[in-house]
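Labels A, B and C are assigned to the chains in the order they are written; within every chain, residues are numbered from 1.
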Amino acid sequence: MVEGARPVTGASPAPDAAGLGRARATGFLVPAMVLILVFLVVPAAWTIYLGVTNYRLTGLAAAHPEVVGLDNYTRALGDERFRTSLLLTLQFVLGSAVIGQAGLGFAIAFALRDRRGPLRRVVEGFVLLSWILPSSVVAFLWIALLDRDAGTLNALLGIPGTAWLLDHPMLSIIVFNTWRGTAFSMMLYAAALENVPRSHLETARLAGASTWQQLRDVVFPRIRGHVLTNLLLISLWTFNDFAPFLITAGGPEQRSEILPVYVYKVALSGGELGFGAAISFVMLLINLVIALVYLRMLGRRKESA
Amino acid sequence: MTTGTAPAPTTEPTGPTVAVRHLLAQIGRYTFLCAVLAFFALPLLWLATAPFDDTPTVTASLPRFTLDNFRALLDNPYALSSLLNSVYLAAGTAALVVTFAALAAYALSRVRVPGRDALLYGLLLLSSIVTGTATMVPLFELAFRLNLIDSRLGVILILSGGLLPAAIFILKDFMDSTPTSYEESARVFGASPLQIMRHIVVPLVRPGLATVGVWAVANVWGNFLVPFLLLRGPDKAPAAVIMYTLYTEGGQADLRLLSTFSLLYSLPVALMFVFVSSRYGFRFHGGIKR
Amino acid sequence: MSAITMRELTKVYPGGVRALDALDLEIADGEFFALLGPSGCGKTTLLRTIAGLEVASGGSVRIGERDVTNLPPGKRDVAMVFQDYALFPHMTVRDNIAYPLRIKKVDRRSRGSKAADTADELGLSGLLERRPGQLSGGQQQRVALARAMACHPQVFLLDEPLSNLDARLRLEARTFLKRLQRELGVTTVFVTHDQAEALALADRIAVMEGGRIRQVGTPTEVFRRPANTFVAGFIGSTPMNLIDARVRGDELSVARAGLPLPDDARGQVTDGERLVYGIRPEYLDYSPTAVPGALTGEVVVVENLGSVSLVSLDVPGEDTEETGPGRTSVQVVVAEGGEPEPGDTGWAVPRPGRSLLYRDGNLVTAAATAGVPAPRADAAARS
């Protein structure tokens, strides 16, 4: 081959099939980019700025916000309510996403793995329905279910008067979020389980492996990537979930005040925009860490594929 | 298969025990599935019974059938208008997202822009970390400065900004898998870029546009936080917000109104779900909803 | 008049890939012209540059009297049939065929009837309301041709027109295509990697490699007298035998045998010069008994090709200082009935006037200096 005359295979890369031209292509990109810039990038950047001011919704600091440096952050770290909220959020994510949604989702997918027909459709249908209904509707469904005096749950259990939302607010929203979000994990694991070759499971069964041993030795190694993807995504979503506000509004006595609810109460109900922005920024950082771990993992999976 | 020597007693489970174990496993499996079914169906029961019960309580019970409760919807000044508001927000956002994402995805798919993959992944990363919850403070501030407080347009714009990166990503995938020879062929016949768009590209990617549209509608229909933050009066509030106010404000909730309204508000997404799953099969690809 | 003239045509892709390298070519009005070469040789790029889908980095393209180098594709008055036919899946056959007319703003009624007429000519009349997905491969190809014909272009461009058809259909479509082109008389350029297709269809062929044209000629010329060893190896269902040879006085020493010098080479070679001797397997006659002026060796493989067999002889190579006495293989096409057995000794007799000599990869002819491309290292190395 002559230098510089490397082969170009049949269908060469067509840089511009419709003859759009650079100018028109740029024009096509602009509207979307402007919206993304203004309503996604700017708010993110603004969070950083607002977080170092004493900006308030009303009063003197509303007209003339001052830069207070890292005061908001040191205040947050020293604030019992913030630390409690962080801890509750951790409980919420671990309990409802990692244990609840991922665990239950996998269990359902595994129990249904070689089922076809009405049973599978009915189970999947109900799980999916709880996922797609509007959050303010399902929130009320749970309030009704858990109602102290006339709730269906107490009626079924025969323990009228149990105030689930007052006595066990965290447990309530954890079970609620498990109920609400299991569909995603179930579907992801159902797809993953279909990729586990039958012959591998049969080999294990012939060797006398129990169900648990089959799971450990055959299934999990094959779907490790799916598990990681699933855990990271649902953690991210659960961490940013505002729906518990619709049920307990953080109460009673801030005992179910996860971070999103905390930010809302401090910044928008309480009017402390600067302080709220600082908490928001902490949330953004946590989001970023989760997302980066996820992307890093995707990249590694692509390389090894 | 040797004969003569007596087989040594093995630790392998013999016939009957295998059958018993299998039976137990089956029973365990069905018990589990029934429990799952009960867990997921129980909260939904109320939604199915209460709207048709002539004296609804918060307990799910067999209704004494009536349709009178739906009259409560007409009596409430905000119930029906809030559904219209939801339609307005969902339609506006979906139109904006589909149009802008299609244009951008087409340009990114067909014209070589330096660093386009990095741009796309960057946007996707951004949209997944910059959630409405984490940025409610600056979003509120921004809407205030842009005079978009209590404006439905503001809600549409903010929701569109959040949905666009993923929509562009989905649609670009779609357009990348469409051969360029269709457009080139039309071009050799003398079609202008806009004719190519109208005659060839849009019809070809219509399923992708529909997917993104449905996905956007589903997202907006259920979104509570953004309209809750930005819209002040109940006359502009969508169903998500009105639903919340119905059971938190004004003393004793009107269960007839609440139950019928819940049902009416839930029905569109449920129907959309049934439609999508019957037409395309609701299998897993990226998720129709986040 | 719609001849196509290309001068110094160059296409460099971003990143420095040189797909077309200062290429000169003339395609006559009404000609059925093939661009032939291995994948990556630039043939498709050349076709797309004529169409205007690629913008030339240098040089010019003329169609008839018009310089079209900088015209957009729609203004060049050409029609192109793509390898995958690019039939719009959402339109009926009628709408597909009528699409060029729709762009030309012909009203709906007359473009519908014109589409029907064109479809009739190609035997598609019953299929007008179908969608492309409901058609067989051969029908799809004809719809694509009909769509190209509908706007009466000056030039047809076909990208691998037969490659998407299965083997049996391909022969049928080949005959159909050749007859259609003859009837229409429109200048047609097609791209193919299949030398048999090019030989069967084209009035003339350009054989390309590495963005350059290695030979232009009629199928007969290209088959009988490949201008260089690259073309010799590429054309023909079995490649040409290329064997090291040495001039010894009036004779040529090839594989220890003495062969007469080709007429063309007389006066062009010097005594003792080392060259490459080329002869097609089809132009060798097999003899089981000793014949003077023949290559001889042991039969190692006999491949049955149907009506003929391909026999490989193991012959001694030319004895050189560097390599010493080597072995080389000569292939002979043997008619049915005369096949030898492996292990036999056989003689291969060149037919008069069919022997060729290559110096540095290029054909030695009486007109050796005329228009032969510069020698290329890789082409020489192939022999």
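Here is the rule we use: a contact is a pair of C-beta atoms (placed from the backbone, for glycine too) under 8 Å apart; a residue touches a chain by one contact, two chains touch by 3 or more.
Chain identities (UniProt): A = Carbohydrate ABC transporter membrane protein 1, CUT1 family.
Just so it is clear, the model here is predicted, and its values are computed rather than measured.
Shared contacts of chain A and chain C, meaning chains that touch the two of them, come down to B. Comparing per-chain C-alpha centres with the mean over every protein C-alpha atom, the closest match is chain B. The chain pair with the larger count of C-beta pairs in contact, out of A-B and B-C, is A-B. Most remote from chain B, judged by the distance between CA-atom centroids, is C. Note on chain placement: the centre of chain A and the centre of chain C lie 60 Å apart, centres being C-alpha means. The distance from the centre of chain A to the centre of chain B, with each centre set as the mean of the Cα atoms, comes to 14 Å.
Taking the mean of the C-alpha atoms as each chain's centre, chain B and chain C sit 56 Å apart. Annotation for chain A: residues 13-15, 19 touch two or more other chains. Contact of a single residue of chain B with at least two other chains is seen at positions 112, 181, 184, 186-187. Touching of two or more other chains is recorded for residues 14, 53, 72-73, 83 of chain C. Per the touch definition, chain C reaches chain B in the complex via residues 14, 51-53, 72-76, 78-80, 82-84, 86, 88-90, 99-100, 102-104, 151, 157. Per the touch definition, chain A reaches chain B in the complex via residues 13-22, 24-26, 28-29, 31-33, 35-36, 38-44, 46-47, 50, 104, 107-108, 111-112, 119, 122-123, 126-145, 147, 150-153, 155-156, 179, 182, 184, 187-188, 190-191, 208, 211, 236-237, 240-243, 246, 249, 260, 263-264, 267-268, 273, 276-277, 280, 283-284, 287-288, 290-292, 295.
Of all the residues in chain B, the ones that touch chain C in their complex are 112, 179, 181-182, 184-192, 195, 199-200, 203-204, 206. Contact residues of chain B toward chain A in the complex are 12, 25, 29, 32-33, 36-37, 39-47, 57-60, 96, 99-101, 103-104, 106-108, 110-113, 121, 123, 125-142, 157-158, 160-162, 164-165, 168, 180-181, 183-184, 186-187, 193, 196-197, 201, 218, 221-222, 224-225, 229, 239-241, 243-244, 247-248, 258, 262, 265-266, 269-270, 273, 282-284, 287, 289-290.
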